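Note that chain A is present in both complexes that follow, paired respectively with chain B and with chain C.
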Partner chain A sequence: MTGLTVDLNIIIGGPQGGGVESAGQIALKVFTLKGYNIIGTREYHSNIMGAHSYFHIRVSDNTPRALRLPVESLVAVDAESLLTHVNDVAKGGIVVYDVGSVDQNALTLAPMEHSLKKRIEKMFSERGARPTVSEAIKLLEERGVRTLGLPLKELLRKTSEETGALLASIARAVNIMGLSAALHVLGVEFPYIVKAVEAQFGKRPKILAPNIAAARIAVEYAREKYGSGNTLPDGPHKGRVRMIATGNEIVAMAKIVGGLTFESFYPITPSSDEAHYIEENKYLDVGGDFKEAGLDKLSIVTLQTEDEIAAIGMALGAALAGARASTTTSGPGFSLMNEFISMAVEAEIPIVISLWMRAGPSTGIATRTGQQDLLHAIFSGHGDTPKIVIASGDHVEAFYDTIKAMNWAEKFQTPVIHLLDKYLASTSVSLDEWDLDPSLVEIDRGKRVYGPVKDYKRYEITEDGISPMAPLGFNTMIINSLEHDEYGFVSEDPIDREAMVLKRVRKFETISKSIPETEKAVLHGDPEARVTIVSFGSTKQAILSAVEELGREGVKVNFLQIRVLSPFPKDLVSKVLGRAEKVVSVEANATGQLAFLVRAHTGHSVNHVIQKLNARPLYDVDVVYGVKRIIESGVERVVVSSGS
Partner chain B sequence: MQRAARVFESVTSLDRGESCSSCWNWLPHVHFPFVGYCTLWGITTFEDYYCSSYKLTSVDRERFYWCATCKIRLNREEAVSHWIMKHRVFRGAYVEPDIREEIYEG
Partner chain C sequence: MARRWLDYKTGAWVQWCPGCGDFGILNAIYGALAELDIDPARLVVVGGIGCSSRSVYYIKGSNVHTVHGRAIPVASGIKLANPELTVIVTGGDGDLLGIGGNHFTALGRRNIDIAIFIYDNAVYGLTKGQAGPTLPLWVKTKALTHPNIQGNVNPLLLAFAAGYTFIARGYAYHVNQLRGLVKAAILHKGSAVVDILQPCPTYNDFMTQEWYEKRIYYLSDEDPSWDPVIRSPEDVKVKAPRILEKMLETGDRIPLGVFLQDLTKETMEERLDKVMPGYLKTPPAKRPIDVKGRIPLHPFRIFKDKLLET
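For the complex of A and B:
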């Protein structure tokens, strides 16, 4: 906290499945109720229950752009959390830990990864110490961090005795205890904790009472042992009804309000929660004509298929029948969809594919983030398959981009691949209702014809390359993934073939002309800056935050965010890069995929790259560090590595 | 719950080693092994609780075991070797029914 501005970062760590998720959600609710803006993300292991997981939250009276390290508070209910994040806590920060864990040694912690054990051992041996919790506490105190030890087992026993509950899930209350003690020290009043716990467990009174008791007992202990500090002032949004939503949820909301009627999917991290949200909220109250026809509600068909091939296949079928259709997946599932992407291009079928990128290749690190599927998306399918590829920079963009993607798919009768990622998927933000306003993007279904048409040609040759699309059922029509004539009849005639290829080329030119360059790419910051960062996707907010920070230090940098990757905004990108002395691409892949695209389309070499390869979110400190290194040393590639 | 109050008492003051933490009937919580589930009485207890039906745990009866020290499942041969190393070996671990809401797909 500096001056009147509140800017708090908190990490809550514990074993995966051990209550960290609930505690994280409660923390988000506490600060939203207090009137602050929040952003919070969860990091967890892909295949080991009990492995370390954590929730990182940033609380601010401004809109927090991205997560920040180091944090002001660490809640570590187990030894692994404390030892894992020992270097993530800022001077003057607060660490809450379990006094029962002080003798634990990193080397004997069961789920901790071997390499991390070795790093921690090395760090402590350089201090002549063993890698134990008590040594970590000593180290933190030397660094000016306040430590608050809670006897979690005893507090839990007290909770159990007071509430008479020997509850199955009472052990997980240790997270709530740790969090509540930290919140007390940060100056959050107890009633906010109660409200947030009620909001979290409200529907299950048997869990609610012991959790509230656990919170109270932890706060009482902290007050007795460490006193009470100043009360945290209320934030600017106090008293207003606001929402907390993840990227998965926001994309699902956009699909619902954007007129989606069909989504098929095969479950895969980090995309599934999007489909589940649609499933849970798919019944829409309707009025007007529908009401007169005796219908109260309309619904979206959501279908879990046997694999990703079936998922996209069914969505294409639904689109042909007139549905507004999409599917959702991540890299491995997208690989399976490739053949059907070619079919969608050849047969001109609208489809939105939400591609939630995660760290690959292959199963890689399934639950962590990355930006490695850009070129895969651009070049997906075989046999000349131009398509639209867009990338959203943040939650709000993801909302509007989702509706636009559905419009563009239908208007241009083409696949649209919407690049998102695990960071957006599992990061929560606080929003107001008006931040997500569906009326700002009109639903546009393109050249549609309903009812019988005389001499209907599904693939009519037109100047803009777009033919009138009729849903199945009204006309005799042939949809064909074999090369065809205007009616859709199979044709290998050389004139027909050439005409159809050129029609599809013209269509892509139409797409390129129809989407304004300013919608395809956005230059943030001073146009005269010497250094230009170029990037795409969820790196946006961390980069903007870094640009502000660098500006305060007198380093002038601007940021060219590419939002439509195909068709590529070559004129605008050429113009901006032509003015820059140094061009730096920031991407979470090792092959410089965006740098490659920029060069391919504009001829401008991107001479410097900042790469985030550890499958953790990009932090502003990464970008600040990378840009400074590049300016100082002229080095081509900087790999930035923050995050636990 | 009533029965729990009758049959269990904390043994910290009684200084007895025969607590749930070494009882055959007791499954430690998968994440927080200082609490666990008594399969005999069907309730959750702390590791230092005690009851008259205490039975010392062993590693020669079941095909599979749980090591609370290593947090892994073991077969009988492995269980013996962990037991010899003085690890905390049990018949199984207790996974609460609503743990699903805390776990994500991989």
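For the complex of A and C:
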């Protein structure tokens, strides 16, 4: 890969709840400690224990934009992981597996999904073989993949004997063993593994000691069997304090530093972890930082409510009282919030809704990603309810967007829907201090009035459509979900009605004018390229990576990333699309929601669409493949399907 | 100078039907507020949607007219964001116990210091008289084409099960007694509910003024020793059977008054101040979030659990 001297891609698989999660985290830490940048995502079933889950990681000395398939290394300490990912490993890659699993047959693996069993059976029967681990190993070796079988049972017993820990209590260490053996083959020195394991388990000697012993025993075995290759050189990012955080955590952090004082929520994947991280940090010692404001502790009320209706309702109440408030949810919960979103528009209440999209419709696939709620977000709420909808392309954008969303909500007294998704939620990245710099953003609470105002009109008709907002408790007034006059008093008068509708229309125009077009949409790459990709949200980095790759192959493509979907940047989008010969929208939904929006706002039809519908993240290979197919064959729709 | 009831009356035309029980409730609320001398700007009346919920227009306050069934969550957010405000909810039986039943239950668990006034007419007034959740089984009011085939919920028992710490029943036309109950509910520290039997002369031709007045009586009139106050955990064991017996009494005799006042449970606000000392001093509505527009915080100084020294 050009520009990347190190580009390692790893999958670590295992049954859910069996330690694969910690092994993934440890891998992220190892490579961060080594001085590399990482990105790592967690793919898992909607299940607590036993179903297959995996960590997909990319390591490089530059910033890895997106995940990559195939991988150079697969850690598969159970049969299901090996059989599931048998086609995900590149030639020359390394697979670590359990020799104790060789006789296992896909057809007898209880947690494995029926269709996958059938596919694997078919694949092997075409080779005249049974769908077993040993056959998979044979296949991998034929394809030029190196394999390293670990006698995990034996190694575990050894660990137990050496540390005195009970066998049953260290069963999960098989993940660390597999990972450590793979890390050894990749040239990572043992002390880094120790440091990462320590960072993962903290100072819990009971867990720490057996895990470190397990790692050492696995590395020793790998060295004996496999020898030692070249040491992986240290990456360029050593000697600094760095952060590893998921999208969920970054949004939580941004809310906290950005002044959130109230978050109510109802648990739903993939939003809960955001709320949990706020909850974890709801009472913060901030010492000197807030001295000037007379505070040394920051408290945030976080409350789990009885449903999503209450979650948004409480946040709205808090906002009316003057709190900076938000809620967080996913599609099903967002559906329940609709009536209150409408009220927030009518009654002009600031509120941020973090909408972590997952695969629908309905309960769909609760733990997998998608971009199907774009139009739902934009058109949420009955009765002419324009609102701000902003979509973040990656973690850093999500950080600033969160603070921006809270500012906009208060400045424009409106709901702001922040579109995120499961991919961002459970993807970790390594970050530097300068990546997340809140001093670049100011806190803006708009036209607020504290204290009694004579003849206060909450909904005063103004030129910009924005009225002075007094929190409850200073003046008598009415905040109203019913149509009202300037005081908020209910009114069905035709003149009042029209004036209020037009006031809200003017407000939305003010919003649209206040946010520069260049903040609403960003054109990446060569403005003269003949092919323009349009997309939104977390597809950003995979597309950027694909655009680079296509460029290297001589295919000139640029990428128009729509950041603010409402109000829509129609001028900029029209201008860019007007220049393009081919416009391709890339989106993880089947109805072409972005394409629809672009056409509705600009009149430009989007003739081609690359759709990701399998509820897995978008990979750069997907985009490269899709663009090439469209250029070669002119097809309208390409469904891209990578991912396990 | 102490405030008078007129100080709480807005200039709005009260658009209830003549003879509607809601007038009595409104007058009782005015009177209670005046006796408590609450500053209207510090009073928040939150309503859902229904005839009753329109009280937000008639009581001077810093009020919120929300959507159907959702007054309680909004009121809860207001109170938790600024516990210094007096927050009351006015709504119908349909609003609070039907569509909003989930929130009604949840509030009891939280014990937020809010007073809920259920204008209980057993019908959906504003939508022209459909059966409300408190309309008894097989009753056929004039707006119904058939007798009611769904049973009724007992608001007091529901409140008891949910954990409300003040539970009372009043009667709309007994303004004086009702004023006392409203006042006690507002004064009570914690989630309070007053189920107010409210004749709807327009749609409920079964539970009429006459029907009610044949049945209602006051707990303390019948039993001068009636003491619903729970002062210790032991009190619950001793008093609960009698309280429940009275709550269960329906049909020919309907008791009114305070059924329960539990002084042993801390409010949500107190709980929050316990887990986050200082919450009550700088609650969400009042806490500074910036220093002169700047954000003085950096994630790397706060979220140390996510940091790694390389």
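The working rule: the second predicted complex is superposed on the first by the 622 of 644 C-alpha atoms of A that agree within 3 Å, B and C clash if a C-alpha of one lies under 4 Å from a C-alpha of the other, contacts with A are read in each partner's own complex, and residues count from 1 in each chain.
Quick note on the criterion: contacts are C-beta pairs under 8 Å (C-beta built on N, C-alpha and C of every residue); 3 or more make two chains touch, one makes a residue touch a chain.
This structure is a prediction, so every number in the text was calculated from the model and none was measured.
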Revision key, fill the gap. So, after the overlay on chain A, do chain B and chain C clash or fit? They fit
Exercise for review: Examine A:Gly100 and indicate which partner it touches, taking first as chain B and second as chain C; both and neither are also allowed.
Suggested key: first
Exercise for review: Mind working out whether A:Ala199 is in touch with chain B, chain C, both or neither, as first, second, both or neither?
Suggested key: second
Check your understanding: Does chain A have more residues touched by chain B or by chain C?
Key -> C
Practice item. Identify the partner contact of A:Glu292: answer first if only chain B is touched, second if only chain C is, both if each is, neither if none is. Key: second
Practice item. Quick one: classify A:Ile170 as touching chain B (first), chain C (second), both or neither. Key: first
Check your understanding: Where does A:Phe379 make contact in the superposed view: on chain B (first), on chain C (second), on both, or on neither?
Key -> neither
Study note, to complete from the structure: Min C-alpha distance chain B to chain C after superposition on A, in Å, is 16
Exercise for review: Would you tell me the residues on chain A in contact with chain B in one complex that are also in contact with chain C in the other?
Suggested key: none
Check your understanding: Residues of chain A touching chain B in their complex?
Key -> 14-22, 42, 44, 46-47, 49-50, 78, 100, 108, 110-111, 153, 156-157, 160, 164, 166-172, 174, 207, 267-269, 272, 366-367, 426
**Study point:** Touching residues (chain side chain B, partner chain A) in the complex
**Key:** 1, 4-5, 10, 29-32, 34-35, 37, 43-46, 69-72, 96-99, 101-106
Exercise for review: Show which residues of chain A lie in contact with chain C when the two form their complex.
Suggested key: 29, 32-35, 199, 237-245, 249, 253-254, 256-262, 264, 281-284, 286, 289-290, 292-295, 297-301, 303, 305-307, 309-325, 339-340, 342-343, 347, 399, 403, 433, 436-439, 441-444, 452, 471-482, 489-490
Check your understanding: Can you list the chain C residues touching chain A in their complex?
Key -> 12, 40-42, 44, 46, 49, 54, 56-57, 60-67, 70, 72-82, 84-85, 102-103, 105-106, 272, 275-279, 282-303, 306-310
